[in-house]
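Next come two complexes built around subunit A: one with subunit B, the other with subunit C.
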Partner chain A sequence: MSTTPPDTLPIRTSDDVVFVRQQVRLRAVQAGLGLVDQTKIVTAASELARNTLDYGGGGTVTLSSIDDNGRRGVRLVFEDQGPGIPDIPLALQDGYTTGNGLGLGLSGAKRLSNEFRIESALGGGTRVMIARWK
Partner chain B sequence: MPRSTLAVLAQLLADQEASIVKEWLETLSTGGQLQSGRIREPELRTQCTSFLQGLRTALAQDSNDTAAPAFAPVKQLLADISKSRAIQGFSPTETAMFVFSLKQPLVNAINRSELFAANSLAGVVWQVTLLLDTLGLYTMDEYQKSREQVIIRQQREISELSTPVVKLWDGVLALPLIGTLDSERTQVVMENLLQSIVEQGAEIAIIDITGVPTVDTLTAQHLLKTVAAARLMGADCIVSGIRPQIAQTMVHLGLELNVVSKATLADAFAVALKRLNRTVVSLKTDPRQQA
Partner chain C sequence: MDRIPILKLGDALLVTIQVDMHDRLATALEEDLTNRIVKHKAHGVLIDISALEIVDSFIGRMLDNIAAVSRVLDADTVVVGMRPAVAITLVELGLSLAGVRTALNVERGMELIRLRHGAAERDVDVDNAS
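And then the complex of A and B:
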């Protein structure tokens, strides 16, 4: 089974967020994810891409198809060089936001994915990895 | 020195126009410009000839500065050509090749001619190259501009098309949303809906999100704001078209829409009619009752 090579997309404008969503959906379909799982990973990608844009000042996302002995899925890595997150547990609390959103994006993205890892250094940017398995 | 070089170049263009055009056309057609059938040979020939004549006029005015007024007619011509190429669907390379493929014939003509001293040839060729490069890049700029205009026009058309407010019944409005709800479009949608509520004195507005592929927190926030604004104006909102996968995703995100919601537009319309104390009945009466 051939897997599509990883793909790195820029996130610089809100149009890029739309494009990221479309590409993630394409990957999810290729990985054989069901409609609900597709919608979940696409929505999580949308949240994280917008965070990258709004709070990270823009960055990139790397899309890869994963195949673990026949178990397939999609992995996304969002990276930015922004100010970083001072308190990750606080940022992951429902309803907490430093902007004017609902404060549900990051925590929601975590609930929408099977794997979730966040690394952030003050002044050194933020890196969020999520994966959704079939 | 450059003065005379340019004037001599102009003379060269005049002397050898026919052979340069012939060679240029050959280069263009080997490059595949005519193959696609998007442009015919006579048209291409006219474009080549007028470009050469324009170039000659500009050079005769002792100018190699493409920003100078002497080059205005040539640039206008190139702009027109780029525009028509963009519309005809030529690729950027094909469009740029129009100017760049003139280099070979022109350099050949310079070599054939005895107007230049052998030791000045390299300098002349260099000047010609610089000039054609600048003009070629200008062609690309113009090509890009016309493509962008097409995109901007399409964006406007899409945003106008996709936000209609539909009157379903006296006092019942429907807003079928389609596509991405980015902030710019949501603004238009909200204004349209609120305006229609005032104009029609609507009591109920149904927002149908069947055509929205992804509902994330930003989309939900826009929806909630629209609902709140409509409520302030005395209209109740019903959100319809929430598909199963969207519902599950919204629950995981922790989103709550504090508003009546229904799976389909038809269900939402039924709720609206009920609130207005109206019902839909079949026109045909039951035959058994008539007997």
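And then the complex of A and C:
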């Protein structure tokens, strides 16, 4: 069985966010995720891609198909070189936003994923990894 | 610029969202809807999202905004046709859509709007007496 190699996509415009959603859906289908799990990872990807665009000033996402002893899934890594997040626990609180959104993007994406990791340095950008397993 | 078509259906307006919404498209839809509510004296706005594969917080905020503005103009907003997987994901995301009424399909959404405004106008509108 062949696994699709990782793919890095730009996130510079809101058209890119649409394309990211489509590519994440393809990966999720390939990994054998059910419809609800597909919907969850695509929605999480949409939130994080928009964060990358709105707060990180644009960046990239790397999509990987993962396989742990036959258990398959999708991993997404969002990276930007933006201002970074000064207080990550605060940023993960429902309803907290520095923009004009609902403040659900980061916390919601975490809830919709099986794995979630965030790294950020002031002035050094932000990196968010999520994964969803079958 | 692209615009989402708005159809008149009885004394309600029907919007079917089939494309990926961008910021400007969402803003244009909000403006067009408020103008049409006033122009047609509409009592309800039906938003059909059965074509949407996901509803993220951006779309959720747009639906909330439309519902809030419509309410101020005395029109109810009913979101219809949400897919089951979208509903499950929406709740886990943390979106409650508190200000938005929902119905399974357009027919039921129309019923909701008729019921509410039929009750309010029973005295003047004999057609709704049955």
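The rule we apply is simple: the second predicted complex is superposed on the first by the 134 of 134 C-alpha atoms of A that agree within 3 Å, B and C clash if a C-alpha of one lies under 4 Å from a C-alpha of the other, contacts with A are read in each partner's own complex, and residues count from 1 in each chain.
In the analysis below, a residue touches a chain if its C-beta (ideal position, glycine included) is under 8 Å from a C-beta of that chain, and two chains touch if they have at least 3 such contacts.
This is a predicted model, so every value here is computed, not measured.
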Request  = Superpose on subunit A as described above, then tell me if subunit B and subunit C fit or clash.
outcome  = clash
Task = Kindly classify A:G105 by the partners it touches after superposition: subunit B alone (first), subunit C alone (second), both, or neither?
result = both
Key: Contacts of A:L26 with subunit B and subunit C, given as first, second, both or neither   = neither
Ask   = So, A:T39: does it touch subunit B (first), subunit C (second), both, or neither?
value = both
Task = Tell me which partner A:M129 touches in the superposition: subunit B (first), subunit C (second), both or neither.
result = neither
Task = Kindly classify A:L92 by the partners it touches after superposition: subunit B alone (first), subunit C alone (second), both, or neither?
result = neither
Request  = Identify the partner contact of A:L9: answer first if only subunit B is touched, second if only subunit C is, both if each is, neither if none is.
outcome  = neither
Message = For A:V18 in the superposed arrangement: first (subunit B), second (subunit C), both or neither?
response = both
Task = State which residues of subunit A lie in both footprints, the one left by subunit B and the one left by subunit C.
result = 14, 18, 21, 25, 35-36, 38-40, 42-43, 46-47, 50, 94, 101-102, 104-105, 107-108, 111-112
Request  = Using the touch rule from the top, collect the residues of subunit B that touch subunit A in their complex.
outcome  = 180, 182-183, 213-218, 220-221, 244-246, 248-249, 252-255
Interface residues, subunit A side, partner subunit C - complex = 14, 18, 21, 25, 35-36, 38-40, 42-43, 46-47, 50, 94, 101-102, 104-105, 107-108, 111-112
Task = Mind listing the subunit A positions that touch subunit B in their complex?
result = 14, 18, 21, 25, 35-36, 38-40, 42-43, 46-47, 50, 94, 101-102, 104-105, 107-108, 111-112
Note = Interface with subunit A, subunit C side, in the complex: residues 20, 22-23, 53-58, 60-61, 83, 85-86, 88-89, 92-95
